[in-house]
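Alright, structures below, take your time with them.
Below are two complexes that have chain A in common, paired first with chain B and then with chain C.
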Partner chain A sequence: MTEPADMDIAAAAKRLAEGELTAVELLESCLDRIVRVDPQLGAIVTLDEDRARADARASDDRRLAGQTRGRLDGIPVGIKDIIADATLPMRAQSRTALDDWDGVGRDAASTGALKAAGAVVIATLATMEFAIGMPEATGPFAVPVNPWNPERWTGGSSSGSAAAVSAGMVLGALGTDTGGSVRAPAAFTGTTALKPTRDLVDTAGVFPLSFSLDHVGPMARTAEDCAIMLEALTGERFDLLRGDLRGVRIAADSLDRYAERSDPATRERFSDALRTLSDAGAEVITVHLPLYDELSAAANIIQLSEALSVHRHRLDRSWNDLSPSARIVFAAADSISASDYVQAQRVRTMAAKRYDGVFSEYDLVVTPTSHLTAPRLSDLDPLRPLSPITSMHTAMWSPLGVPVAAVPMGFGDDQLPLSLAIAGGSWRDRLVLDAGHALQLRTPHHLARPTLPFAEGITS
Partner chain B sequence: MREKSWPLSDDERAAVATVEVALTSMALLLRQTELGASVRPANVNTANDRRSPQRD
Partner chain C sequence: MTPDFRALVAQQLAVVGIPASEEEIVALAADYPGMLESIAALYRIDGVKYEEAAITFRPVVTLEEAQP
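Presenting the complex of A and B:
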């Protein structure tokens, strides 16, 4: 029998509403999963079981009193360790002190929104230092391993959020995305995530990485679950997914940029996904995406320039406490000139206008989220901090601020998840999720679960 | 690589130089991108203000 922790949010909400499950039972199932698998996975930073149990009891009491707050009421969730919670400590995966940041000690807007919807926030979840470093095996924090294979990385920087959802420790999680940080880990762990339209979800209370690129996004098992979370995060209606794409025009990436470097299965799974979207009623047209390299370059120049601006005082004060990869990234960012930063923002303006045209001709654009499956942890080198981004097709969308979902599209030849990226014009988040929903109504990829715990002797 | 304010080991210094080469390549691509003099930088706080408020 399926354990409650293995359900998606929509299914759990239905059972809660029908009185077949209580929030306390659901929470205990997740806590039991955490005890059994997190020593191997390393996804949890701080867990507050007492608060979670009190919140779950309160949810059950509300339900009995007929005062439930909706489908997220009583659902266990986690938050990335750069998103503030009023009582859970935030470390941003760093040895450096954060007491100079004014977000400490109160809920981020997104944390507060989930709590207001009745979600049970049970833990903070691992990332990389300030969401910009690399996994640091010798550091004081656990490095999350991929629930599908402990030798593989989860992707980052919302690493723990993806691992925790994939492993059933929580049913949903908050991540942040500046250059792909909810999409890449979702892709590598077989989960679903949305980078919403920029400014749709309030980033107040998130430790900044890049002021003009940071997004907060939901991570869950399905597009429908992301819609449920997005509704709580915004107060708008995103739960009316139909899975019917008749009348929707989809531009499909021609894949001509990375044909020789991709996992052999990527092209096949991508073609399968296109056929499924077509079966759902969409018109699919193959295109060459304009300004791919320029947008990716602008994303990197802007992100690193703004990150250095955020952290420069910290570098002077706490240089020796930073991880080697963070030191390398910040030191290299110091080479970017002011005029290059401004030029990147100008290219962003030009590209946004160009893509307004693309999104007036097509409703959606789809690409693989990454052309490779999750990299080996042993291949990650702190002295090569940009190396993990070379297989990901996430950064180009970030300067545009448009919504992009990462949705499972099957498995590579190494039996690790592959993912479809679905992008839409600004504020068309529901259509993006609806396309993901259409895919998931017709495919089983999102239903696959990793076999956990790993065999004896394997630890993170 | 210009002189850094912060101490770096030899390995880190070499790694920084490698990243700087990549960033310089990106910056050159952006400098060479045709824009026209009137294109302004994206506004940091209002990236989507000019967009349609249509939600879907």
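Presenting the complex of A and C:
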């Protein structure tokens, strides 16, 4: 029988509503999973079992009193360790002190929104230092490994969020996405995530990486679950997914020409996904997207420049405490001039107008999220922190601020997950998720669970 | 003349007081030509409107903040 921890949010919410499951039972299932798998997975930074149990009991009490707050009420979730919580310590996975940041000690807007919807926030989840660079193998924080294969990385920087959802430690998680940080780890772990439209989800209380590119996004097992979380995060209605794409025009670009390397199965899985979207009623048209290299470069320059501006004032005293890859990122940023940053922003504006045209002609654009499955941890080089983005197609969307989902589309030849990117025009987040939902109504990819070979008794 | 990227990187870091190690400087220097090329490409794009604001400043002032 499926353990409660293996359910998606929608299924768990249904069982909670029907009285077949309590929030306490659901939480205990997740806590049991954490005890069994996290020593190997390394997804959790700080876990507060006592607070979680109290919040789960409160959720059950609300339900008994007929005062439930919706489908997220009683659902165990986690938050990335750069998103503040009123009582869970937030370290941005850094040895350096965050004393001069005023976000510590109170809920981020997104954390508060999930709590207000009744979600049980049980833990902070691992990332890389300040959500940049590479995991630090010899540092004081655990490096999350991929539940599908512990020799592989989860991707980053919402690494722990993806690992925790994939392994059933939580049913949903908050991540942040500046150049692909919810989409890449979702792609590598067979989970689903959304980088929402810029400014749709409040980033207040998130330790900044790049103020003009940072997004907060939901990570879960399905597009429907992301919609449930997005509803709580925004107060808007996102729960009306139909899975019917009749009348929707989708531009499809394989981006094969930009893949330095590719899993042999990527092309076939992408074609399968296009057929499925077509079966759901969409009109799918093959296109060549413009400005891929330029947008990717602009994203990189803007991100590095804005990140350096956050940390520049304390680098002289914190340098030796920084992780090797954070040092490389900041040092690389130092070589970018002010005019380069301004030019990157000009290109961004020009590209945004160009893509306004793309999204006036097509409702959605789909591409592979990456041409490769999860990289080997042994291949990561902290002195080359940008190397994992090779053949990863997330950065181009970031400067545009449009909503982009990462949705499982099957497996590579190495039996690791592959992912479809679904992008829409600004504020069309629901349509993006609806396309993901349509895919998931017709395919089993999101239902696959890692076997967690290092955790006895779990064969999900 | 081929630029000495190692020396260039070392000098830039020294100017702002970043105490990078020799290993880090070498790694940065190796990636430096690629970064310069990607930056240079941004100046070659057609369609960029130089007369328009590249960045707009939108001050958000609450009523509370506006009070003397």
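The working rule: the second predicted complex is superposed on the first by the 448 of 460 C-alpha atoms of A that agree within 3 Å, B and C clash if a C-alpha of one lies under 4 Å from a C-alpha of the other, contacts with A are read in each partner's own complex, and residues count from 1 in each chain.
Following the convention adopted for this analysis, a residue touches a chain if its C-beta (ideal position, glycine included) is under 8 Å from a C-beta of that chain, and two chains touch if they have at least 3 such contacts.
Everything numeric in this text was worked out from a predicted model, so none of it was measured.
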Checklist entry - If you stack the two complexes on chain A, which partner ends up touching A:Asp293: first (chain B), second (chain C), both, or neither? => result both
Checklist entry - Which one hits more chain A residues, chain B or chain C? => result B
Next on the checklist: Per the contact definition in the header, classify A:Leu315: touching chain B only (first), chain C only (second), both, or neither.
Outcome noted: both
Item to check | Which of chain B and chain C A:Arg198 touches, first, second, both or neither | outcome: first
Checklist entry - Does chain B (first) or chain C (second) touch A:Arg327, or do both, or does neither? => result both
Next on the checklist: Which partner chains sit in contact with A:Ala173 here, chain B, chain C, both or neither? Use first/second/both/neither.
Outcome noted: neither
Checklist entry - Touching A:Arg354 in the superposition: chain B (first), chain C (second), both, neither? => result second
Checklist entry - Thinking of the overlay built on chain A, is A:Ile82 touched by chain B (first), by chain C (second), by both, or by neither? => result neither
Checklist entry - Looking at the overlay, does A:Leu114 come into contact with chain B only (first), chain C only (second), both, or neither? => result neither
Checklist outcome for this item: On chain A, the footprints of chain B and chain C overlap at residues 293-294, 297-298, 300-301, 315-316, 319-320, 324, 327-328, 330-332, 334-336, 340, 342-347, 349-350, 383-384, 386
Checklist outcome for this item: The chain A residues in contact with chain C across the complex are 291, 293-294, 297-298, 300-301, 312, 315-316, 319-320, 324, 327-328, 330-332, 334-336, 340, 342-347, 349-350, 354, 383-384, 386
Next on the checklist: Could you list, by residue number, the parts of chain C that touch chain A in their complex?
Outcome noted: 9, 12-13, 16-20, 23-24, 27-28, 31-32, 35, 38-39, 41-43, 45, 47-50, 52, 54-55
Item to check | Sites on chain B touched by chain A in the complex | outcome: 1-2, 4-8, 11-12, 14-16, 18-20, 22-24, 26-27, 29-31, 33, 35, 39-42, 44-45, 47-48, 51-56
Checklist entry - What does chain A use to touch chain B in their complex? => result 197-199, 211-212, 236, 293-294, 296-298, 300-301, 304, 315-316, 319-320, 324, 327-337, 340, 342-350, 352, 356, 383-386, 399, 401, 424-431
